[in-house]
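In the two complexes that follow, chain A is the common piece, with chain B as its partner first and chain C second.
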Partner chain A sequence: MKRLTLNKKLNDGVLHVQLIGNIDEDTDLTEILETKASEVIFDFDQVELINSCGIREWIKFLDNLSAESVQYENCPQIIIEQINMVHGFIRPGSKLNSFYAPYYCEDCDKERKTRITSNDVKSKKAPKMNCPDCGSEMEFDALEATYFNFLGK
Partner chain B sequence: MIKIILKLPADSQKEVQDFLSPHFLISDEESVDEYVITDVHYVLNNQVQVTPRTFVISNLSDQENVLLIHKYRIHHLIGKNPQVYLDEILDNLRKLTSKQFWGFKHYFGENLQERIISFSDSTNIQEKMTEELSNFQFDGYFSSPNDYLRLMANELLSNSLYKGPNKKRLEKGLESSDRRSPVFLKGSDLVQATLGANDKGVALSVQDSFGELTHEILITNLVRSFEEKTPLDKKDGAGLGLYLTYLHSNQLIVNLKPGFRTEVICIIDKNKRFLNYKSRIRSFHFFEEVVSEKTHA
Partner chain C sequence: MLSTFDHIFDATIGLDIKGQIIYFNHQATSFFKLSPRLLKQKKLLEEIFRTDEFDLTEWIDKSLLSFEVNLSPEIQITLLHEPVTFVVVLKIFPVETQEGNRFIILFQDKTIENNLHTKYKDQVEELRKTHEQIIQADKLSTLGELTASISHEINNPLTIASGHCELLNEGLSSKDPMAKIDFLKLTASTIQESLDRVNQIIKNMQSFLHKKEDKKEYCNLFTIIDNAHRWVKGQDPENKINLKIENCQNAIVLANSLKLEQVFLNFFKNAYDALLESNTKNPFIEISFELIDHQVLIHIKDNGPGVPSSLKKDLFKPFSTSKESGKGTGLGLSISAKIIESHQGSIQLMESTVGAHFLITLPSIEKYSYSRTDFFRIDQLRKRILILDNEALILNLMSSFLEETGHYIIGSSSPEEALDLLDKANIDIIITDYTMPSMNGSQFSKLARSKDFSGPIYYMTGSQNIERYNVDKDKYKISGVILKPFHKDEIVRIINSAVKGLANE
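The block that comes next holds the complex of A and B.
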């Protein structure tokens, strides 16, 4: 499988990590543990797949991560689903800032994966979004209670 | 003509009877050996004795259904999804009564785009599947069936490539292979993936020549995963692959010839809306081919 690549930037004790590729049994995140940053922000935008062994490796990694603050950004839809299906992917106290969610534009007859922030979601209700092509209001295209379940974790 | 017994509430009884009567003889006579179609509430109230020939129609949640499958050893559970459940009953009844279990012709017919990929080792699974999937146009689907098919293929192929050979290794007193180490199959051992699509949906089949995935192993795994939702710390897997596959399929079908062959089929209905894909009650089917004395010898 395509090995996971890590692009890291450390600024004033804050480590930004861009994850690129697949998170699986071969994933090695030791170099992040060695950084000793107090705050880590993970960007998942270019993660293509996370399999069951990858979820396990991620949970083990979090157990050993000493950073006080952990944040997740730009989580793809399939990652959000895995987070909802398996416990432990987000450790207590960490924050998922932004993620992608499915919306559907009836006028264009197209699904749009739309980036939203966790702050936009109130009481597990999807925020209103307009179609980037025609401007019509789109429908949220998943079960809100299930899709936003991770926000209560 | 094959006889089917219906034990259903009045409204469903008429609907199912009207749909199936051109194909099967619908009877009121009860007999243990017959094919029975019933409703989940008859099972819960012990009004039906469940056998491998019993089809249970359910409107319960996926987790409740898995617990029910475990408790009553159900082989055929049909999610009561209005648009598709009658077709599903017919497809699976035809398959069960024909005793021709392998492949997905019972679900999609002969007219489908199909790609077969054989694996003799665990290297480059993902690259091979991604390349094969690029041959399919998923017009008329929500935007990401590819993501789900890649994930399910990854989980099922890894299970087949590691778990079957590992059982043989353990029987010989050897240590099981770690998922981080590549495995190479020996001799006639085979793992094969098939992708198929037509206007009904898309299917992924993963077959192996080990035949180890029994009803008990499968359902015990699903029950644990649904209840605990955590990975296991085992060398040959995290114990969540079947659970993730179940939740990303619309129908999960397992064909087994014990000790010889396993096939797991995942079907995703053709569907433009992600909401419909995810809100569907998942169906489960388990078919077991009896190993004859002759095959044993």
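The block that comes next holds the complex of A and C.
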């Protein structure tokens, strides 16, 4: 199991935290709490796994986080699935800036996790995306209503 | 109708009556790491994952035929398209829909629970090993500090042996050794005895240091205390410290004797250090026993300077010591407390106006036996056999003889406790020593029958009491007599026949 490591950078009161590895029962996020910052941006790009114990740790951590503004970036599909399923994974008022969504290119027969921003999604409809290899339009490879549920109405 | 299962947290698959996939919920796409597009292409579960030790097809077929709810054992599944393994429990149940009969399979993911359980077990095992190592380190350290005392214990018999060797040599070199043959034999025998004593001390040391088995057996507290005291008494070559042991009759506990010896050694060592360093006048250590409410209470008192009040709060925590640096590890009492706790007992420091007063509480052997978690489980094949004897060796012998029969063995060293146990523990068979300090077998049987105990009672005795058995066999319905010395086969045969008799009632 790949233990979670945290890369932290504090610039002008904004803390950037890069999470790398697995969020599970061994996850210790207290060092983030020790850095007093009014704004925290979490980058989930390199999170490989999250399990129910990790979710519990994350929610407990959010309860103790004093930052006024919390943002999420580059959330992989496993994080989006948890956000959609577990109450409290995102604190009310937090912003989820960008995330990955599954697309499929029929011409290349390839699945692609494509990074999109929350602003790209209108009325829970997946934005159009073209295959970076052949240029064909790709189809969204999940259930739109379920996948974009976290964006609200 | 199957869309109702879209809201279920567990991955859910719907099958038709041929076992083909006709439905999956959203959680199934996450769980199997397949997009809806790919999952739709799968007709059978075997196209999604494999199970190496479980015949999934047979289990599904049986469920389809029986049209009943079925639960699988905990099984491991491995996805075919990704190297991911889960531990799951499957539940299949039929549902009637407008399109006909369908079957739903729920996948309850137990992977995390399983991993946590393994992790927990590994960590507990690691802690156990560390604890054993600390105990061992404490033993080594304690014996290391007692080197002078042990040397003294060995030197005494060696001096005697060496002196008698000189006498033997002189005798053999005399003109007529045969004239002194009786004296020479006595001298040789004294040498042998002294060397045996040295040998015994070394054997005890080896056993104390290196025997690691965790077996609990019936042991006499007096013997344990006496063994522990031998290690320290050499610290007081002038024999100034008076050791008083009171009421040790029947003080038998079910314990690991070496571990308890370590506990008492720690107490003795602390008391000896305190008494000798403080030059206490008329120093004494007093140990007394009480048997109250199924507890053996062991009071350990001395008239030394007592425990400093600054240490009292954390006395049983590691590294708590009043000794100067380099003397004592500060682990002795914390290890002792852990050892006593592992015997379902406790250690307390009592209020005392003079010296230190510790109270060790251990469950009586009767309580220890029936406080086993499985003791009250109803099992017609396992009988509860009460063995009553005031000798720890006999209780151990009977327990080991009867171990293979699979019955519960409850040892008791006190007829009063044994009688009390009849009200609580649904005893099936009693084997009682005839000659005991507080009452004999006849008196015990009379009281047992007056408590409506109707099971077989056997006397265990020497041939001198056979007449008593002849009188009591009708009077108190005594089923038989076991003559000492007895053999395992005989005991097993008697118990088997008693159990058979109970079954026929």
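Here is the rule we use: the second predicted complex is superposed on the first by the 152 of 153 C-alpha atoms of A that agree within 3 Å, B and C clash if a C-alpha of one lies under 4 Å from a C-alpha of the other, contacts with A are read in each partner's own complex, and residues count from 1 in each chain.
Assume contacts are C-beta pairs under 8 Å (C-beta built on N, C-alpha and C of every residue); 3 or more make two chains touch, one makes a residue touch a chain.
Predicted model, so just to flag it, every value in this text is computed and none were measured.
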{"item": "Room on chain A for both chain B and chain C (clash or fit)", "value": "clash"}
{"item": "Chain A residues touched by each partner, larger count belonging to chain B or chain C", "value": "B"}
{"item": "Partner chain(s) touched by A:55 [first = chain B, second = chain C, both, neither]", "value": "first"}
{"item": "Contacts of A:107 with chain B and chain C, given as first, second, both or neither", "value": "neither"}
{"item": "Contacts of A:133 with chain B and chain C, given as first, second, both or neither", "value": "neither"}
{"item": "Contacts of A:68 with chain B and chain C, given as first, second, both or neither", "value": "neither"}
{"item": "Which superposed partner A:85 touches (first chain B, second chain C, both, neither)", "value": "both"}
{"item": "Chain B versus chain C as contact partner of A:31, first or second or both or neither", "value": "neither"}
{"item": "Chain C region in steric overlap with chain B, selected from 115-123, 349-357 or 439-447", "value": "115-123"}
{"item": "Set of chain A residues, in rising order, touched by both chain B and chain C", "value": "25, 51-53, 81, 85, 102, 104, 111, 141-143, 146"}
{"item": "Contact footprint of chain C on chain A as seen in their complex", "value": "25, 51-53, 81, 85, 102, 104, 111, 139, 141-143, 146"}
{"item": "Contacting residues of chain B [partner chain A, same complex]", "value": "124-127, 142-144, 147-148, 150-151, 154-155, 158, 179-180, 228-233, 237-241, 243-244, 247-248, 272-275, 278-279"}
{"item": "Of all residues in chain C, those that touch chain A in their complex", "value": "9, 26-27, 29-30, 35-37, 111-112, 116, 119"}
{"item": "Touching residues on chain A, where the partner in the complex is chain B", "value": "1-2, 22, 24-26, 49, 51-53, 55-56, 59, 77-78, 81-82, 85-88, 102, 104, 109, 111, 113, 141-143, 146"}
